[in-house]
Amino acid sequence: MPRIAYFVPGPLSSSILGPRELDRRRSYLASLAFPETEVDVREATGGPESIESVAEECLAMPAILSAIPELESEGFDAVLIGCFDDPGLGGARELTRMPVIGPAQASCHLAAQLGDRFGILTVVEEVIPLLYRLMRSYGLQNHVTDIRAVDVPVLKLESQKKDVLDHLTLEGQAVLAAGADTLILGGMTLGFLDIAKSLEARLGVPVVDPVLASLKAAEGQLAMGARHSLRAYPPPRKKLVPVAV
Amino acid sequence: MPRIAYFVPGPLSSSILGPRELDRRRSYLASLAFPETEVDVREATGGPESIESVAEECLAMPAILSAIPELESEGFDAVLIGCFDDPGLGGARELTRMPVIGPAQASCHLAAQLGDRFGILTVVEEVIPLLYRLMRSYGLQNHVTDIRAVDVPVLKLESQKKDVLDHLTLEGQAVLAAGADTLILGGMTLGFLDIAKSLEARLGVPVVDPVLASLKAAEGQLAMGARHSLRAYPPPRKKLVPVAV
Amino acid sequence: MPRIAYFVPGPLSSSILGPRELDRRRSYLASLAFPETEVDVREATGGPESIESVAEECLAMPAILSAIPELESEGFDAVLIGCFDDPGLGGARELTRMPVIGPAQASCHLAAQLGDRFGILTVVEEVIPLLYRLMRSYGLQNHVTDIRAVDVPVLKLESQKKDVLDHLTLEGQAVLAAGADTLILGGMTLGFLDIAKSLEARLGVPVVDPVLASLKAAEGQLAMGARHSLRAYPPPRKKLVPVAV
Amino acid sequence: MPRIAYFVPGPLSSSILGPRELDRRRSYLASLAFPETEVDVREATGGPESIESVAEECLAMPAILSAIPELESEGFDAVLIGCFDDPGLGGARELTRMPVIGPAQASCHLAAQLGDRFGILTVVEEVIPLLYRLMRSYGLQNHVTDIRAVDVPVLKLESQKKDVLDHLTLEGQAVLAAGADTLILGGMTLGFLDIAKSLEARLGVPVVDPVLASLKAAEGQLAMGARHSLRAYPPPRKKLVPVAV
Amino acid sequence: MPRIAYFVPGPLSSSILGPRELDRRRSYLASLAFPETEVDVREATGGPESIESVAEECLAMPAILSAIPELESEGFDAVLIGCFDDPGLGGARELTRMPVIGPAQASCHLAAQLGDRFGILTVVEEVIPLLYRLMRSYGLQNHVTDIRAVDVPVLKLESQKKDVLDHLTLEGQAVLAAGADTLILGGMTLGFLDIAKSLEARLGVPVVDPVLASLKAAEGQLAMGARHSLRAYPPPRKKLVPVAV
Amino acid sequence: MPRIAYFVPGPLSSSILGPRELDRRRSYLASLAFPETEVDVREATGGPESIESVAEECLAMPAILSAIPELESEGFDAVLIGCFDDPGLGGARELTRMPVIGPAQASCHLAAQLGDRFGILTVVEEVIPLLYRLMRSYGLQNHVTDIRAVDVPVLKLESQKKDVLDHLTLEGQAVLAAGADTLILGGMTLGFLDIAKSLEARLGVPVVDPVLASLKAAEGQLAMGARHSLRAYPPPRKKLVPVAV
């Protein structure tokens, strides 16, 4: 029975959402998984509570890397990085032969199959430029038409779920007017709101949920025995040295 | 329980491979599917026995389109197009809300996630230019480094399986030398030889099997409730008229 | 004396436009041809009356392929595919050494020489996504700025010619505002309305007529002895098998 | 009766080839033109005898510009720039509503229609980088696979015609090995050697002759009434001031 | 002590701005240079007073080329081409091993480092298409979002400095709305107005001044001993022949 | 007097090269700086001794970020990131208005001005894929032809300087054969070997030294008052939380 870890790269249970949010996410993931899959949730003990900038990505990276051997020794078979910006994806892959799934990468390649050009709806404006750079580094810059933000703080998304859906609808309409035929929810917390289908119904185009897209990518790759390329993600030659800052 | 049809766009059972090949493919697919998935195989009653040119793709297209409503009325939930060139993909999607999976599209987007640049190993040289045009139409031309052929006739692949693996190894080495970090088997019959893992062991890079990649794409999309975009594949306004040639 | 066939991939003479429309097109083409060229019109006996979707393209393809040897045996020297989406272009070229002209390909490469960035004005909205994919498969995605539709049914274009010109003017202004410097009429029936010069006068930019662009491409290629590349369009190895659907 | 000028941007008749070469080119062009076309040859009275560098292009540009109003007042209807690097193309178009044809632009857009990827065989190595920049400025960088030179001085091409054909064959084979499916003779003097068909026979792929490609582009555009876009080539506001260096 | 020449490719001192403008530019450049740099200004004695079209670029080119050996023999170590369109850049580099700086090239590569996507604010609308082609020839077409003009004649910019700043602010806002994160003043006379910092303060994004960008590029390249590539700008084999028009 | 910090993102002075290497680099940088610039060297107290993988980049990032406010409070005006892969560049820029220079970014944009297409010679093979992804994220993927490694461990480069130069020569020849016209030394330790000019002499093309390129970029930007765009690198809203791993 394949075991998949959803790794939150920050101390979510110490945030205002509390430990219950971890449980909620575990249950939500379990409800989405194939019966033969086991999904569990882990979190980092340090680092930023939420990632809304490149700087916060940078701070979270060592925790992501150090989680990899721990998750392996716990017996997990694949890891979902719990942040839509895919922080540490390349580094983590260099350290393991397990599939490591970046939600942005999985979501955008799915969207590029459901239509020709996608737009991304994300949380805060500050991440828009880093997402454009991410699209370029994935070679998907010609598939993305527009990236827009609802501009509700991440940790307030859940308490303002109804408003968030309205904001997403408005921004989604703007993205569609710019030529997109498919949308992506560009934030994991947006995904855990379980609103993709509601937004889809309002806007009439596919809305990719990054939680689902990542989970199904991991389950698919495990079932296929697919592994990332050692030529793209070669293991470091030197023993990794922990950082003290 | 989701039901997926693998549709061979030609009369495979009348070829030298005979009806047993259909059964073999059905069993192979069943062995790869998640337990909760049912997979069946259907074939066209006319058209070319194998597709090794654009002209043969063109001839197969009406059969692919007319299969769509039949498969729907049989209760299928998704369709895999049984040809790596993805013939009729756009037309079929216009006619249904079921996921229709093109093996090249599913395989190439998977390969682009396992590494940075992929090469394709296909059957006959004649399809190389059409595959390059297909990559361009998918916006993946910058992800593909090289496409090479083993040049064994499709219907002889199975009886010459050992030789085919040797040919694939040689051509794969040439593709890797040109900079690829990931390979794709560019033919469904190559996929049904069940040799991707052997080739992977020989070459040390991921080898995407289009049969597996298509099946897992379909299962994932069904589980997600993902549907192709109506803006990218709008239904025809006019009633479709059958063609008599 | 070179003989060029304009091949309508559907039973136009059985449509509400009737056999007179075929005659009208023959005369119009004759009036545009160089004196030393003979142009004639042929049509398919089956398939959709007009092509306004990928599905209809697919249905028309076998008729286009089976026309190729017939037109050759009638003594034609080149073929114009009578549909702006260039259905069957690759397949037809694989079957003959005659120039086979796709109107979209000829028009877009001409437009890319008259200016730097072109827009396309087409008939119905449903073909916009397929035209974008076509531009990508031709490697022209960076030359096209916008594609818009007048949304008048193809078979009503002629009876509403005045309105169509007004619609084209409005949509053309929108395309120009988006940065195009050159326009293309993205439909053969639009071309046969003989309105490109009127639109050009209204909008102040070149308006490429696909009928003229295709005809002059064919005449030019015949005069040059230019032939499509066998490496890009290799002849199928196997004898083609007719499809019965 | 349309009159087309082939304008040599240098004093060819004072070169070692002498005035007979101008006559030879006039006759050759006349033999290629449609019966209803009149072609004549003009040359600049100053500037470099042949153009084999950007610097020489720069020196030739004023002569090209000053020729435009003279050719117009002589009653010409279109101009072919007699150099494959298309020097002065943009400036000349700003000064006239006549079609001004750049041989590289016309040849490359033709080649991109005959196949998917073309290579260029030019005269001297020094022009290779400028041709790559030209391809980029035309947005054709993804269509060109390779540019190679025979490295025979321009003014000796004709006396060494047999050797040149052998060199072109060798270099052409190298370009084809790099993936091209179509070739272009990247020099007007190469075109006037009348060897494209011989090379085509040897190499088995289309070989675009820039003399023919330019002439047929001009005849086609004249017949269509096609004019370059004023938005891409706006006329200068100020009166042009001649340069004395 | 490195000596840098700012070369105006036209008779600026004979324009309505008079010889004082040359002195003003010399002082302005001196005020911007590092202490160890000497900057002087030279101008062409013929050609257009200002360059606002490709045609005027063409006319200025021979003067630019003939200046190169003169500036070398005067003991200069680097040359700034005094026109944002970089006329004659390639030709000039072929003739010397001194750094020759094109302001557009230096400014755009700087802007691409300060942000992800830049817009250009230029003087007259007529140069917009040539600037887009220039961006393409530099391979920067995906970095530029928009190019807009203030449409004040070059020679009136200085007397209308306050208005120009207001125009630039308005056009700059439009460019930013289209997605740019960085702006470039697309004209040398705009640079010499010394308004980049004022515009930066108004718009909140970096505004690249092409005078400063060119000067610092030259000083940097001289300090590094950087030289343009002989493979990209090979010296002409033949002795250059002056042009008499 | 502008003060520039060269920040080594690891404990170089504790490596086998020892504290003398820091002094050597300080002196070398001082010898290259303009007289009015002060350059000093700082290093991280933790993290990997050298960076030869994405994983090591990730580990170094928090140290880079935490250095930014410290360097500001020390009175520095600009920072050079002491690693060719530009780790933490985006995050660091979000935290300061000082110029933060990434050596790869500065070197590649310089190389793209000295020629048309550059190649990179780096230290170990493992970084080649990350450098390709970096080029894509900078939008420079079409400017780079090839990246090759000498495969000498970073900390042994200096003791094997003669061999390294020979290796670089061989790999450089291979890169030039693949079409590059300009080379970049893709490692800071390679730059500090002070061998770029020797390699340039051997290979006949410009060789960009990333130490020099970064320093001159910083000095130029400081002199210009150029600042990275707040739209591309917006400051994080939340207070940054240190990470304990």
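Note that the chains are named A, B, C, D, E and F in the order they appear, and that numbering of residues resets to 1 at the start of each chain.
The rule is short, and it goes like this: a residue touches a chain if its C-beta (ideal position, glycine included) is under 8 Å from a C-beta of that chain, and two chains touch if they have at least 3 such contacts.
These numbers come from a predicted model, not from an experiment.
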### Query
Where the contacts of chain B and chain D overlap, which chains show up?
C, F
### If a chain touches chain B and chain E alike, it appears here
A, C, D, F
### Query
Using C-alpha centroids, which chain lies at the maximum separation from chain A?
D
### Task
Would you kindly state whether over half or under half of the residue numbers at the chain A/chain F interface are used by both copies, giving same or different?
same
### Query
Distance-wise, how many Å sit between the C-alpha centres of chain C and chain E, to the nearest whole number?
45
### Query
If you average the CA atoms of chain D and of chain E, how far apart do the two points sit, in angstrom?
30
### Message
Could you pull out the residues of chain C that touch at least 2 other chains?
### Response
116, 129, 133, 138-139, 141-142, 181, 231-233
### Query
Pairwise, which chains touch?
A-B, A-C, A-E, A-F, B-C, B-D, B-F, C-D, C-E, D-E, D-F, E-F
### Query
For chain F, which residues count as touching chain E in their complex?
32, 34-36, 105-106, 109-110, 112-116, 138-139, 142-143, 176, 181-182, 197, 204-206, 208-209, 212-213, 216-217, 219-221, 223-233
### Task
Spell out the part of chain C that touches chain B in their complex, as residue ranges.
45-50, 52-66, 88, 90-92, 94-95, 124-126, 129-130, 133-134, 136-139, 141, 231-238, 240-245
### chain A residues within the chain E interface of the complex
129, 132-133, 141
### Task
Within their complex, state which residues of chain D touch chain B.
116, 142, 181
